[in-house]
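Below you'll find the structure I mean.
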Amino acid sequence: MRIAVLNGPNLNLLGTREPEVYGTETLAQIEELVRATHQAAGVSIDWFQSNHEGALVDAVQSFADSADGLVINAAALTHTSVALRDALLSVGIPFVEVHLSNIFAREEFRHKSLLSDIATGLVCGFGSQSYVLGTSALLSHLKAK
Amino acid sequence: MRIAVLNGPNLNLLGTREPEVYGTETLAQIEELVRATHQAAGVSIDWFQSNHEGALVDAVQSFADSADGLVINAAALTHTSVALRDALLSVGIPFVEVHLSNIFAREEFRHKSLLSDIATGLVCGFGSQSYVLGTSALLSHLKAK
Amino acid sequence: MRIAVLNGPNLNLLGTREPEVYGTETLAQIEELVRATHQAAGVSIDWFQSNHEGALVDAVQSFADSADGLVINAAALTHTSVALRDALLSVGIPFVEVHLSNIFAREEFRHKSLLSDIATGLVCGFGSQSYVLGTSALLSHLKAK
Amino acid sequence: MRIAVLNGPNLNLLGTREPEVYGTETLAQIEELVRATHQAAGVSIDWFQSNHEGALVDAVQSFADSADGLVINAAALTHTSVALRDALLSVGIPFVEVHLSNIFAREEFRHKSLLSDIATGLVCGFGSQSYVLGTSALLSHLKAK
Amino acid sequence: MRIAVLNGPNLNLLGTREPEVYGTETLAQIEELVRATHQAAGVSIDWFQSNHEGALVDAVQSFADSADGLVINAAALTHTSVALRDALLSVGIPFVEVHLSNIFAREEFRHKSLLSDIATGLVCGFGSQSYVLGTSALLSHLKAK
Amino acid sequence: MRIAVLNGPNLNLLGTREPEVYGTETLAQIEELVRATHQAAGVSIDWFQSNHEGALVDAVQSFADSADGLVINAAALTHTSVALRDALLSVGIPFVEVHLSNIFAREEFRHKSLLSDIATGLVCGFGSQSYVLGTSALLSHLKAK
Amino acid sequence: MRIAVLNGPNLNLLGTREPEVYGTETLAQIEELVRATHQAAGVSIDWFQSNHEGALVDAVQSFADSADGLVINAAALTHTSVALRDALLSVGIPFVEVHLSNIFAREEFRHKSLLSDIATGLVCGFGSQSYVLGTSALLSHLKAK
Amino acid sequence: MRIAVLNGPNLNLLGTREPEVYGTETLAQIEELVRATHQAAGVSIDWFQSNHEGALVDAVQSFADSADGLVINAAALTHTSVALRDALLSVGIPFVEVHLSNIFAREEFRHKSLLSDIATGLVCGFGSQSYVLGTSALLSHLKAK
Amino acid sequence: MRIAVLNGPNLNLLGTREPEVYGTETLAQIEELVRATHQAAGVSIDWFQSNHEGALVDAVQSFADSADGLVINAAALTHTSVALRDALLSVGIPFVEVHLSNIFAREEFRHKSLLSDIATGLVCGFGSQSYVLGTSALLSHLKAK
Amino acid sequence: MRIAVLNGPNLNLLGTREPEVYGTETLAQIEELVRATHQAAGVSIDWFQSNHEGALVDAVQSFADSADGLVINAAALTHTSVALRDALLSVGIPFVEVHLSNIFAREEFRHKSLLSDIATGLVCGFGSQSYVLGTSALLSHLKAK
Amino acid sequence: MRIAVLNGPNLNLLGTREPEVYGTETLAQIEELVRATHQAAGVSIDWFQSNHEGALVDAVQSFADSADGLVINAAALTHTSVALRDALLSVGIPFVEVHLSNIFAREEFRHKSLLSDIATGLVCGFGSQSYVLGTSALLSHLKAK
Amino acid sequence: MRIAVLNGPNLNLLGTREPEVYGTETLAQIEELVRATHQAAGVSIDWFQSNHEGALVDAVQSFADSADGLVINAAALTHTSVALRDALLSVGIPFVEVHLSNIFAREEFRHKSLLSDIATGLVCGFGSQSYVLGTSALLSHLKAK
């Protein structure tokens, strides 16, 4: 079983800046946590981050050939990118949407996701645990098929 | 550690009616699955279901005295009950919102939850696994405090 | 053939209060009129009224086991109760929506029904005749199936 | 007692085209069904159909002189014709609005009728039975006056 | 002279929970304050609280037979209950709407009351004094009739 | 100088029906009043009424060849007919919009006219005097050019 | 017969500034034109202009004691002044609304008048002739009463 | 203790005009009623009325230096004056909003107040008693601080 | 192969009026251009224009029996006629929507077409070439079936 | 070169009240800062403040005769005064809009200015520096013409 | 004559994935079809595709120097990219908007294009024929200039 | 002191294309103007332009390490890029938003900026002077800290 985890704009700053707001956990540490969680089960995990919408669309297209499913934290692009939505619709493999924070407790314009209605499911609000739960949920879903 | 799981209107019909739509899993079986998941960890779980908004408000108030946190699938009341929202705000203990289906892939009026912005987090779209993930997320959150 | 007629909040006041506004016909008299209409045809009729949303949800669930179809005048809950809508969707038996008054000639917020789009049909504006026509329409529909 | 039944655009196609969608019953057959229903009671029935809004306005004006009440299925004009609404307001005789289908279960723009709030009542969703019930309701209403 | 004071969901928690937010005054203490204010004038006061919408509708109906007027703090139901509105419209006795807090200084969805336009008047924002002023205003209004 | 006065749906009923609402003045009498007003000045006046939108579009097109300007009371079509607007835009001769009643004191949907922004001016609310004032204003406007 | 003509903010600039836009006719010249029109009929005319909303409210109140009716060009206050609307409602004498330009052919926010629905009628788009027609209409209306 | 009562446009007309609508009580009589109510308690009361928004802003600024709190019936300016809101925000002393009528039972545009969310509280719908209750509530609030 | 081209209100004025705005090409010349384009291929073309909505509905119904597909420029009716939409839905043959101008570069109310979502496709903005391209596209579509 | 600086309601309170919120700088000190900035360049500066909309309209009209350009901080009237907008449009001299605070970081209703689209430019968010920058920008603009 | 055809995100997947949904025609095959259509006429065609908004903006800028006109299928960016709109506005050469599918028959958010109102024209709904028709229309338009 | 100036899509075209619309000043000349303004004060200035949203996000992140503050003209991305907003929020250094034109005098969709409410301030409408004023304002703000 092989899955890919895609990360959107500004997530590369996690933990290295404003630790009092975002905590001291870096994206690399979250990657390690996710890999450790699924190591015993022999799951192969691809990890990707970019600040460019086009690069994320490219990534969705290429990982669709090699992975069984995707977990995506599209960050700011969650709310604006029809292109990312179309890429996910086109490749048609299952994906789970995750967010570190509870997007419904933040600004109004973050309450609307362009991805939620085509996702298998959504996990948000649990910090790095959102990634752990999201990848677990994806694997359960893939096994059940 | 003690948590309560609250279930709203019509969830008592799960599995006993229209199995081709909702599957054959009953609410009692989901309860068993949740209990089994956390048995080893010695977590105490209270389980409650009602078709009455007032009874759910009463339950939130009373479980707030005995439980460390709540998991709630408010079903139809998710979208209409300010009273349930106020009860959860008043008692002030952490709660996680769960849904069997992906509410963002259903009718427009189900996209707005009156509970999401005051919840610790949200899990939806994974069937009975939403309960497993939601209770796990709540327990992680309670331990981290 | 067996049908159930469900009545929502405040309909118990019909005829006993403000006769200059609502007429002198009581809900019991409407019940008698409906029973008399269908007596010859040997139709069995269950009659129910409650001011509690939860009690009406319970009633939809239980009558669904014994009746062939429902006629419902949900009164104020017509416009606010997603729970009642979900109960009717879950049990999946045919139902006809009736109203004593023409709801489209009243306040704006009464123009939108949460039940109309899933009903077999709608009859409104004919006073107690709405019940007679609605139960007749339901029986025609059941026979045609 | 004399009533007129008015039918709007495209209803002349009923039954002669796309029977898998609209059934095989023609407008002429519905007319026969309505006439048969009220024959014994000696009710005189005028029947009219046109694809032209202006012709329907003319008809409302002229039938208002000869009939005691109207039954109208304005079809598409239900949602757009202020002129038809004004004609019905001007002549001031009772009318009942009917539709073959449940207009609330169709596209959004069919949920709003420009006639409902000035009608005596509304019957929709019962196929040709809507005409039978609608004319019966009109006759009951006329007798009660 | 006899009046009834009705209290909606979660008001039973007043003063016993989160005193730093809602103060230490309980609903029982507010009841005592109101009784003391009008004792000398020989006013009879009925006091009622429930978390159930249906129970409040029942209460409006039954108190309408025994009381000259009502004071109601519908709490969360202020913004969602058409059934409560209909009950108050049906019984037709005068009522005054009160709120402890200034509802216009809180969340957007609390700015719209389903009761204000049919109330005699509205008092809000003065804590327990809102009850004292609201009952006084109701009594003045009843005497002036 | 030659002008045409166009009248929309249902205006043919003026004065002959419901005199207690619309007065006893007929459209023919208004025509006489307008002709009498401008007789001395030698103004030639064409008068037209139809319940058909298409006939009014035809009339705008044909009168544009013979008249110097138009006065139009489009009645219900004021609020719905883009075709009439386009006809008036296409022929490009000056026109004045008139209404017997004050359309801003009637239903919400009558507050928006599809003709006002392309008219020379608007006169409404003065009964048959609206026609007298409107034709006078048109003639002043034509002379000033 | 005595009428008053009230003029709102910036109308004092008419004709003295930007003649290429607003023409060379001053407000004093319009006043002369209106006086000349009604001189023979012995109509007494009061004329008032102010840039202050409060001064116009004062004027409505005081002229209501001496005049039989008002003609008002409220200029910019047409679209924003509830106080002017309330003054006109309070004094309750007939008034006609006039505008030099066709307000429906200008910016969106000028399409809505706070005065139109309580006016006897409206005349707009005919330059200074709007005042001549508006005062004539008011006098006809006063005579007809 | 010293308070000021401010009154907005057209309130000077109270009682002297249209007594069948607004009653025969004048603003001066309301002033006397308020003074009489608080005389025994030695409260000093300043009373002010103007039809000018600017004069009311000036009054808010000057009374803020001499008074402990304000009661304001801004009348029409309640719904349009950001300047009055800003004046009240700037001076920062407590104020209570009052209205003679129930503004929620009147036209739509009177349902929104620009002052309510920054007021201590709101009293409306009790005629001159609104002033008595509002000044009493303000004094209780000032004493409690 | 046989197709029909339908033209809505005011298109009969093309080229004969205001040539500086609409060009000098008449509807007859466009008809000739279309016939010439498809002459070699032996396509039979019916051409129809009317200012009457009802006549266009009649035409859609009758051409549906003789033609393989339709090209329609509904002009103003594009934005208002549900009857035309229903006619096209009822007859169920393929049709292409064309416009001479780019409707998205014109007034807001012309941006919404009631026909686009049920058309095979849309061509607009190319003047008479829109007809040439639209008929070619229809023929390609018919051949591909 | 001569310019005028106009200040709207409540700006006279600057610095004398609530220094912890608005700072200790008075409007007189800002005036001095602006005068000092442009003294060397020999710019003549008129300075004006009023709480009255009408007085500001008068000021715009009179300064338009003596000044080359205006700088205006309309305060609360920025969002409500069509009269001020019309005055600025009528006199037609260049003006710059300034605000002490960043109006886009404040309440929603302050985000819309009725002046911005007709101003030469806008400067906001820099405290008293907004006046320095705004007057400098106006002078640059006037010299460039 | 030289034209460029620009293709937006995910169009590179055409035909190579989900042939049952999008058909088996690849973007390369559409390119060949377009080249073949215009080969005889000696038209030079540049072809470009990218998943990056910035790369498409760069392309619009650079092709504007070498091409006479553009044909653009912006895919998802049609609905979100103001940058692409600004690029097309800046370079100011004619362009035609094309879509494979009928965007008006798809999701609501695809009905609004940010490019249509500044395009020469629009062709959509004819699959690869949309490109053939769109390039032909552009060439006709360029020749007519 | 070191600041960075960031420029969004299509600004590289300034001055080299359509000089009659945008003037003949290039972005390089604006850069020189800004550098010259602050040269004497020894301010170090980084200058950056890109048509790619991702590249601008990268730039915000990297300049945040080397600069004391940013000036940003995000051009089209001002209205669509949540990613740029998040980048600016994440790095947390002061920034000033500038625009060459008065964005409030342009199309509706340019009136809303996703950056204004988190900026220190905004300068727009003064052409290249907007950059001079914006960088000066930023330096004043940095010195004041």
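Structural remarks
The chains carry the letters A, B, C, D, E, F, G, H, I, J, K and L, assigned in the order they are written, with residues numbered from 1 in each.
Heads up, the rule we're going with is that a residue touches a chain if its C-beta (ideal position, glycine included) is under 8 Å from a C-beta of that chain, and two chains touch if they have at least 3 such contacts.
Small disclaimer: the values here were computed from a predicted structure and weren't measured.
Listed by label, the chains that touch chain B and also chain F number zero. In terms of the stated touch criterion, the partners common to chain E and chain G are H, listed by label. The rotation that brings the Cα trace of chain E onto that of chain L spans 120°, given to the nearest 5. Of the two chain pairs shown, H-J and E-H, the one joined by more C-beta contacts is E-H. Comparing each option in H-J, D-I or E-H with A-B by residue number, the pair that reproduces over half of the contacts is E-H. Centroid to centroid, with C-alpha atoms defining each point, chain D and chain H lie 56 Å apart.
A separation of 24 Å divides the Cα centre of chain F from that of chain G. Measuring from the averaged C-alpha position of chain F to that of chain J gives a distance of 48 Å. Within chain G, the positions touching two or more other chains are listed as 52-55, 80. Pairs of chains meeting the touch criterion: A-B, A-K, A-L, B-C, B-E, C-D, C-E, D-F, D-I, E-H, F-G, F-I, G-H, G-J, H-J, I-K, J-L, K-L. For chain I in complex with chain F, the residues that touch the partner chain are 8-10, 12-13, 17-18, 50-55, 75-77, 79-80, 109. Chain F makes touch with chain I in their complex at residues 52-55, 57-58, 61, 80-83, 85-87, 90-92. Across the complex, chain D is touched by residues 102, 104-105, 113, 116-126, 129-130, 133, 136-137, 140-141 of chain C.
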